[in-house]
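What follows is a pair of complexes built around chain A, which joins chain B in one and chain C in the other.
Let's look at the complex of A and B:
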């Protein structure tokens, strides 16, 4: 089963609507790109970190979890800046990156998957006149979430079948039957959808 | 958009997500871990056509953005779209589009598919990824490109594997020839 990154909570940030949080994130990102000084950037990073730990009640351990994948990048950036630029640029770039990633993760961790999905489908709404149907986008999201475990199941079955025949370590031989089965499943699914009148979903009335 | 289009888009997004959940493949002679996700991108481009492949990668990005940890290593959420490697993510739909476009114009032999994967899955993808690394970390493009070189050998292996798999699948499942 695929579990989202959302962490349940009762804080003010949790209760804000997903679209407001996305708007706030966009504004914050834009201002972080404009901000120039080490001082203002560290203040921003501190503020976002405080909102993350105490404001949303997510705690320091989770903040560390969102920072960990960045460490290798921070290391590379600092090394490159010390070699090519100045220590000041190194600090500015790292602080900006940290604040941006913390803020974006804060929005993700405090917003339910369904709320965020609705917000994204809402963003698609204006594209309706170009032929993008919001219902279809919502359907695609739901269908894909449902299909991921099915794909893992196919990989597992093919591996077990091959193990039973004594082939274990060949990547090539394992992917061909996986993809063939995936395409076969796609055919069956689209036949099932067509049989249920899928092609006429968008027709009004 | 027909039922078939819809299903193929969802299936390849799900497959690419599933490939990211599998443990990374150890490839001999290459120091950096090779994740299978761009493999899914290349397969989509080779098998389901430019438009559907691009839309399926876009769909996967939407799923990541709404908070599912579907990128390799369990990464996900909005954070990955503001990090230094965001350019590669935004490049996924473009790379899939390029591979699909080239595949429909090349001969569908192993060599044709391999060339399409190299041009779309490496050249186009890196052209999207490297400038973003350069901007986010405030280094010249040449420095960012130098750093990205470490991943090229792994991607070439993936391009070859994806081309081989796609051409074998086309023979094993003739129905797939009709989708292009």
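Let's look at the complex of A and C:
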């Protein structure tokens, strides 16, 4: 979901400001908790799905990509609820989760990260008096998202190197090279950030 | 712009990396060559205060890298070997905009500068692309644009073409050679330095040769024959 990032588009949802989308997401999340019936939760999930596919023009294939990683969790939740509760509870929990993930993805995929960062800066602004830097909080979130594919790439390369040497699956032998490369990358990233003026971001004027 | 090193020594634990270097760098195109581990990258990082000397001083247009590190770095850009470590935002346009943060520009002015830089480096078509999905050459151009958007007076390049194939290396080099600013270029590709004003050969933490490219490259080549 996160790795997909922003998908350019001209829809109304794309054009809405990031803060409005985040507010709508928060309201929807609260509503989903309050909605009690399977019917109303199904309608909410359908509405979010429709907005995703047609409203934002992101398409069914992308919705499936968003849903696929959820399936294993849904299976576990349904199994747990069937064991502890009822089929109705299992359906309600699953529908809430699906609607929430679809809505969160809809916001992520239709909002540029820079706009999201600006919105987060606004949200964190009140904490500035306690010494929290809103710019740095927003940057931290953006950087974390940026680094996910980079980390996955390191794991992939190390795994390939291990397989080339005949080690098919071993967490232990992968651990050291992955950690070494991640630490080296962190060191170089830190130098690059300094070189690009990270320390000057909070300097007034 | 003049960068001055006065009796500079850098150590890492007990190991001497650079020893008692004193020199002045003011030529528009300066090359830096030497074997792996000779101290080239440390030398390059000294020039914008990423590494501070254990002894001596480094000044950039009169600014001491120890006291005015942030001001020095606003005037001296740095291009790293691996662009993956330099590009920190998810999309190309967002990464370019990152360098403008200290200027605290209005959104429209920032957008204009980003578009200008994208156009200048021929990467406008990549603006909304995910940075991690680009080719090596494209990534290095994005990294270069990300540095140059701040209009530094000096650009230090630490082996920026080492990870690239010849075509991409040539494309990145072409952009660097066209820059108006002073360039200090660390490389193992000696042919890239033929038209430079000055080349330094660093060997075990000392300046082994310092002069015009033809002489220094010839001496360096002779050292391993």
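FYI, the second predicted complex is superposed on the first by the 130 of 205 C-alpha atoms of A that agree within 3 Å, B and C clash if a C-alpha of one lies under 4 Å from a C-alpha of the other, contacts with A are read in each partner's own complex, and residues count from 1 in each chain.
In this section, a residue touches a chain if its C-beta (ideal position, glycine included) is under 8 Å from a C-beta of that chain, and two chains touch if they have at least 3 such contacts.
All values derive from a computational prediction rather than experimental measurement.
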### Message
Just checking: does A:47 make contact with chain B only, chain C only, both, or neither of them? Give me first, second, both or neither.
### Response
neither
### Query
Does the superposition put A:8 against chain B (first), chain C (second), both, or neither?
second
### Message
On the A-aligned overlay, A:138 touches which partner chain: chain B = first, chain C = second, or both, or neither?
### Response
neither
### Query
In the superposed arrangement, which partner chain does A:38 touch: chain B (first), chain C (second), both, or neither?
neither
### Message
Quick check on the superposed pair: does A:91 touch chain B, chain C, both, or neither? Answer first, second, both or neither.
### Response
neither
### Message
With both complexes superposed on chain A, which partner does A:113 reach: first (chain B), second (chain C), both or neither?
### Response
both
### Message
For A:24, using the defined touch cut-off, is the partner it touches chain B, chain C, both, or neither? Pick first, second, both or neither.
### Response
neither
### Query
Looking at the overlay, does A:16 come into contact with chain B only (first), chain C only (second), both, or neither?
neither
### Query
Between chain B (first) and chain C (second), which, if any, makes contact with A:194: first, second, both or neither?
both
### Task
Please identify the positions on chain A that touch both chain B and chain C, taking each partner from its own complex.
5-6, 113, 143, 145, 150, 185, 189, 191, 193-194, 199
### Message
List the residues on chain A that touch chain C in their complex, please.
### Response
5-6, 8, 112-114, 135, 142-143, 145-146, 149-150, 153, 185, 188-189, 191-197, 199-201, 203, 205
### Message
So in the complex, the part of chain A that touches chain B is made up of which residues?
### Response
2-6, 25, 29, 66, 69-70, 73, 76-77, 80-81, 84-85, 89, 92-93, 97, 100-102, 104-105, 107-109, 111, 113, 116-117, 120, 136-137, 139-141, 143-145, 147-148, 150-152, 155, 171-172, 175-177, 179-180, 182-187, 189-191, 193-194, 198-199
#### Entry: chain A contact footprint on chain C (complex, rising order)
45, 48, 50, 69-70, 73-74, 77-78, 80, 82, 84-91, 93-94, 97-99, 101-102, 104, 128, 130-132, 146-147, 150
### Message
Taking the touch rule as given, give the residues of chain B at its contact with chain A in the complex, in rising order.
### Response
1-4, 6-11, 13-15, 17-18, 21-22, 25, 43, 47, 59-60, 62-63, 65-70, 73, 75-79, 81-85, 136-140, 143, 147, 161, 164-166, 168-169, 172-173, 175-176
